[in-house]
Amino acid sequence: MKYVDEYRDAETARALSTAITALCEPGRRYAFMEICGGHTHTIYKHGLEDHLPEAITLVHGPGCPVCVIPMGRVDDAIALAEQDGVIMTSFGDMMRVPGGRGSFLDSKAQGADIRMVYSPLDSLKIARKHPDKQVIFFAIGFETTTPSTAMTVLRAAAEGIDNFAVFCNHVRVTPAITAILESPDLRLDGFVGPGHVSTVIGCEPYEYVARDHGKPIVTSGFEPLDILTSIYQLMKQLAEGRCEVENEYARVVPWAGNPKALAVIDKVMEVRETFEWRGLGWIPDSAMRLRDAYAAFDAEKIYSVPGVRVADPTACQCGEVLRGAIKPWECKVFGTACTPETPIGTCMVSSEGACAAYYNYGRFSRSRVKAAAQS
Amino acid sequence: MTAHDLGAGIPVRAGWAEEAVTAAAAEEHHGAGRGSREEQVLERIARARARKPRLREERITLSHGAGGKATQTLVEAVFLEAFRNPVLEQLEDGASLRMGAERLAFTTDSYVVSPLFFPGGDIGDLAVNGTVNDLAMCGARPLHLSAGFILEEGFPVADLRRIVASMAAAAQRAGVTIVTGDTKVVERGKADGCYVTTAGVGLLERPVTLSAAAARPGDVVLVSGPIGDHGITVMLARGELDIEADLVSDTAALNGIAADLLDAGGDGVRLLRDATRGGVATICNEVAVASGVAVVIEEKAIPVRPVVNGASELLGIDPLYVACEGRFVAVVAPERADAALAALHAHPLGAGAARIGTIADDPPGLVLLRTGFGGTRIVDLLVGDPLPRIC
Amino acid sequence: MCLGIPGEVIELMADHPDLAMVSVEGVKRAVNVGLLREDGNGHEPGRLDLIPGDWILIHVGFALSKIDEKEAKASLEWLTGVGDAYTDELDALAASDIT
């Protein structure tokens, strides 16, 4: 595949790995956080940690928009799905996320009309096809996905479709980064920055990370060589005493982002004063809702949702994993009560979550595997 | 809207989550762990996974039909529990039965694919080929099939004739006869047009016993051709994803090619499994657990058509978990591996056959993938269901 | 969720100004390219700097950005350079003899 395979070459990986190791100061340890769930996924899927020296640790950040949806909001979505005459549509990632009483999949088994879609446009198509039903799109995602929802609402408005609505749970990435930066147990040397979010917001919004908090940040692509290159660039900055925003993903990310996409978001949506993030708590200015002008497409205005808050179980340590304070296997319920099949918390719920990625891909003793590979 | 409007009242707790944590803690036995803290956690997980599976759900969900973890739990916790007997406990593709002087293989299957007709075949092809294949995977010579039809009121007879014609043609190609059957009709709105159930018997003439528990360290893992064609074809044929691709289902009867492989490999063939629901990844996991070995696959060696790769990348799914209906995995002793692969290549259905991995002794029960990038990761059992109603 | 895939523009659909037929390894899908189109002046749709043969990044059925061929080439050249420097090192190491 063009623009994909070239960035998965093992030979180049070994070369980069050597170059990275050469930049390590003797006796010093380094910790870099990758924000995006997609980066976490790549790291585990390709076994990228096998290419890094022991001195470098990767800490998995909160950039998984499925993981951060509080259980109470999932319950709200299920309540919407269970209304008469509603067809609920959602990305596949959300189907198994449990709320306080069960998941979409459980609700579907009990008779709710819940359908998986690949795009909000597919949801609009269903609305056109079933004018007698109310179609609701469960909108999740960072700024990568927000413009697509906004464009779909505009399309619905332009076509005069009156049975399409959005349950808006779009979140913003910089407030999450700030929450990490302000947490007291922060021990990071730099960030592997969000990739596809940056195609929309550009690289400027990250300047405060370098300028005000003294941490270098490199916007990174999603192929394994992209991530290794970003780590190389971070190490180079540290070695040369620089602290800047760099763009490793320039082939896809324009420095100024996508002004049209930003304009479309701004036309249809506004920033909520505050929003609850599972594992991170209430964060101001961190999420979006539809503007009053588009109230006809706002599921929360058409229906009233229960709005009950559901707390994470007492044993759940997702907050610490999301902030990078502990590794997945250091959580007391990891792998026993909390597995991908029976997820207790955020980090296990989505396949991009740190705990799910480690459980599904990285969960083996590296020393035994090395021994087996050499035999 | 303030925090309060968003429900910032006193939170309730999710009962199911609190109970799960308490239950797991109660089952913990804190022994002295060896190795690093991480290794102790891995051991704890291995113990948790080895425990008897418990069915937590009160209702059947689509995950139970995906061929992965949930299906396995359902089979063990409900069906095996109730029907328990030594033959069933083998949980192979077909049951081996002794009837006087003969050994027979006996299997059953049901077909609920949607849509009924798709590029490369239809539910009829799947029904005959799938049943023949289960018998072939036991090492049997397939002989006779039964065919039961559950038809929806209003289903066009012309469509039924098409399906039945496919079945007749497939049966002839495979050298089997459909000797008995049944028909039921249910009201409009049920059975989604047509469901087909089958049973099949075959003769176990070869002295070899194939079993998922037979793999040994050093053995070689082969696959008979490119993976994922059927699952992706059906997904695209549903028309919900607005994706077009030049791809057809790989549905085929494998008894001929399996017989050639057994002729070449003789008693060096440990097991054969067709890669249906859950794909190649599921088979490798079943072998790893049943045989207590590690299955180590080389990512670069897995044959996948570029178009299947493209569709999978686009949808975010992994071809290793996608169903095939005309491909099988074989585990073969190392000294017979070359001959086995040659036998596959010599057969029209085996043109794309490849050696994809080996069996190791450690870590037992796990499937490892050596990525094209030079790293290693696990290929675990499927959780959830990316592709409902594939066969 | 971050899932963004590079795809090649095959055809701009004349009757749907915001749709393009895109191919990913031979898998074809109609993608909405509205986010790459400048705003119009009310009478006509705005400019769309996209032709068949261009590559775009696709996310949930929308094009988010056009792939910059020059930048892609530059980054691949850099990677190849790192690879070459590495193999040169290895060769030099193999060839040197400090005894």
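Per-chain residue numbering starts at 1, and chain names A, B and C are given in the order in which the chains are listed.
Note that a residue touches a chain if its C-beta (ideal position, glycine included) is under 8 Å from a C-beta of that chain, and two chains touch if they have at least 3 such contacts.
Everything numeric in this text was worked out from a predicted model, so none of it was measured.
**Student:** For the chain pairs B-C and A-C, which is connected through the larger number of C-beta pairs in contact?
**Tutor:** A-C
**Student:** Among the chains here, which has the CA centroid at the largest distance from subunit C's centroid?
**Tutor:** B
**Student:** If you average the Cα atoms of subunit A and of subunit B to get two centres, how far apart are those centres in Å?
**Tutor:** 31
**Student:** Quick one: report the Å distance separating subunit A from subunit C, using the average Cα coordinate of each chain.
**Tutor:** Taking the average C-alpha coordinate of subunit A and of subunit C, the gap between them is 22 Å.
**Student:** If you average the CA atoms of subunit B and of subunit C, how many Å lie between those two points?
**Tutor:** 36
**Student:** Multi-chain contacts only, two chains or more: what residues does subunit C have there?
**Tutor:** Expected reply: 3, 5, 24-25.
**Student:** Send over the residues of subunit B in touch with two or more other chains.
**Tutor:** Correct list: 241-242, 306, 309-310, 313, 316.
**Student:** In subunit A, which residues are in touch with two or more of the other chains?
**Tutor:** Subunit A, residues with two or more chain partners: 1, 4, 9, 14, 118, 122.
**Student:** For subunit C, which residues count as touching subunit B in their complex?
**Tutor:** Contacts found on subunit C: 3, 5, 7, 24-30, 58.
**Student:** Where on subunit A does subunit B make contact in their complex?
**Tutor:** Going by the criterion above, the answer is residues 1, 4, 8-10, 13-14, 44-51, 71-72, 92, 95-96, 98-102, 105-106, 108-110, 117-118, 122, 224, 272-276, 282, 289, 306-316, 327, 329-330, 333-342, 344, 359-365, 368-369, 371-373, 375.
**Student:** Which residues, counting only subunit C, touch subunit A once they are in their complex?
**Tutor:** 1-6, 8, 24-25, 32, 34-39, 55, 57, 59-62, 64-65, 67-69, 71-72, 74-76, 78-80, 82-83, 85-87, 89
**Student:** In the complex formed with subunit C, which residues of subunit B make contact?
**Tutor:** 241-246, 306-307, 309-311, 313-314, 316
**Student:** Please name which positions on subunit B make contact with subunit A in the complex.
**Tutor:** For this pair, the touching residues of subunit B are 1-3, 5-18, 20-21, 23-25, 27-28, 35, 37-39, 41-42, 44-45, 48, 56-57, 59-63, 69-70, 240-242, 294, 296, 306, 309-310, 313, 315-316, 360-363, 366, 368, 370-378, 380, 383-384, 386.
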